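Chain IDs A, B, C and D follow the sequence of writing; residue 1 opens each chain.
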Amino acid sequence: MKNTNKANLLHRMKIAKGHLEKVISMVEKDEYCLNVIQQTQAVESSLEKVAELILENHLKTCVRESMESGKNIDEKVKEVIEVFKRK
Amino acid sequence: MKNTNKANLLHRMKIAKGHLEKVISMVEKDEYCLNVIQQTQAVESSLEKVAELILENHLKTCVRESMESGKNIDEKVKEVIEVFKRK
Amino acid sequence: MKNTNKANLLHRMKIAKGHLEKVISMVEKDEYCLNVIQQTQAVESSLEKVAELILENHLKTCVRESMESGKNIDEKVKEVIEVFKRK
Amino acid sequence: MKNTNKANLLHRMKIAKGHLEKVISMVEKDEYCLNVIQQTQAVESSLEKVAELILENHLKTCVRESMESGKNIDEKVKEVIEVFKRK
């Protein structure tokens, strides 16, 4: 992964982690359930964006190399489909 | 798309359509709400599988050709990411 | 379900069915894969909205009655959670 | 929230946080993209389960009280539907 992409990803993931820590403290302080759910879902969305950025990078590098060389194409496609299914 | 894949897809889509028609008649007959939701979600799952099969085919054909030729790679990757985001 | 809600639901479901029929004809005509996926996902979104409207009605009627009477509350809550999980 | 439920939730959330920290270190070590995506999606699933448990508790307490007292029912139902939509 390019260094700029990697730095961007790590930045996003650390923000998501900080956000999750705040949600944990919301539960400790007995805040209103629905606010906790909403913030939990916001952390999930941040992680979803992270997964999306990694997938984009993966398609432009590993999958591309596989397709250019004609090697392991079925395996690479299967892996991408698995990511899609788990979403 | 290969003819076998296309026939398989059309078969699945027509089954989903028949299923949806049954769900419509469940609503007309005032069946229990949660059964209707469950069957609606089952139709959605069938369509999700259809989208997944088309995506698999797309990766193995259009995306592969783009990557082999080095043409429109960013555009093709962007399109795949859009499919992932909308899921 | 109130008649207005039921009519609204049936209207939405029939539009979704018509939309699905168009997507089937897109596959028959070999239209561009990604357009087919996009339209398939649009049908799924319409069905998702249908599920959401039925759930809303269900909470305001069946779940409410259960909670007012104190009967079957655990079962009703479990059913709603199942809908949430399958989403 | 009952103390046992709260302790269970906090336990799950702290495990999810530890998991996320491991995923961050996977990115720092340049591990295979798809493994990182898979683990990111696993953290999301854990958070999804957390949201589901809070929603279950919310239905059995706040929503139930609202429905028993006949107060703010529309508002409570709307909030639950919002959770469902954001999923």
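Going forward, a residue touches a chain if its C-beta (ideal position, glycine included) is under 8 Å from a C-beta of that chain, and two chains touch if they have at least 3 such contacts.
These numbers come from a predicted model, not from an experiment.
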Residue numbers at the subunit C-subunit D contact, same meaning over half shared and different meaning under half, come out as same
Rounded to the nearest Å, the gap between Cα centres of subunit C and subunit D is 23
Measure off the straight-line distance from the CA centroid of subunit B to the CA centroid of subunit D, and report it in whole Å.
-> 28
Centre to centre, by mean C-alpha position, how many angstrom separate subunit B and subunit C?
-> 16
Within subunit B, the set of residues that touch 2 or more other chains is 55, 83, 87
Graph class of chain-chain contacts, one of line, ring, star, complete, other | ring
Touching residues (chain side subunit D, partner subunit A) in the complex | 1, 6, 9-10, 13-14, 16-17, 20-21, 23-24, 27-28, 30, 33-34, 36-38, 40-41, 43-44, 47-48, 50-51, 54-55, 57-58, 61-62, 79, 82-83, 86-87
Subunit D partner contacts - residues on subunit C that touch it in the complex = 52, 55-56, 59-60, 63-64, 67-68, 73-74, 77, 80-81, 83-85, 87
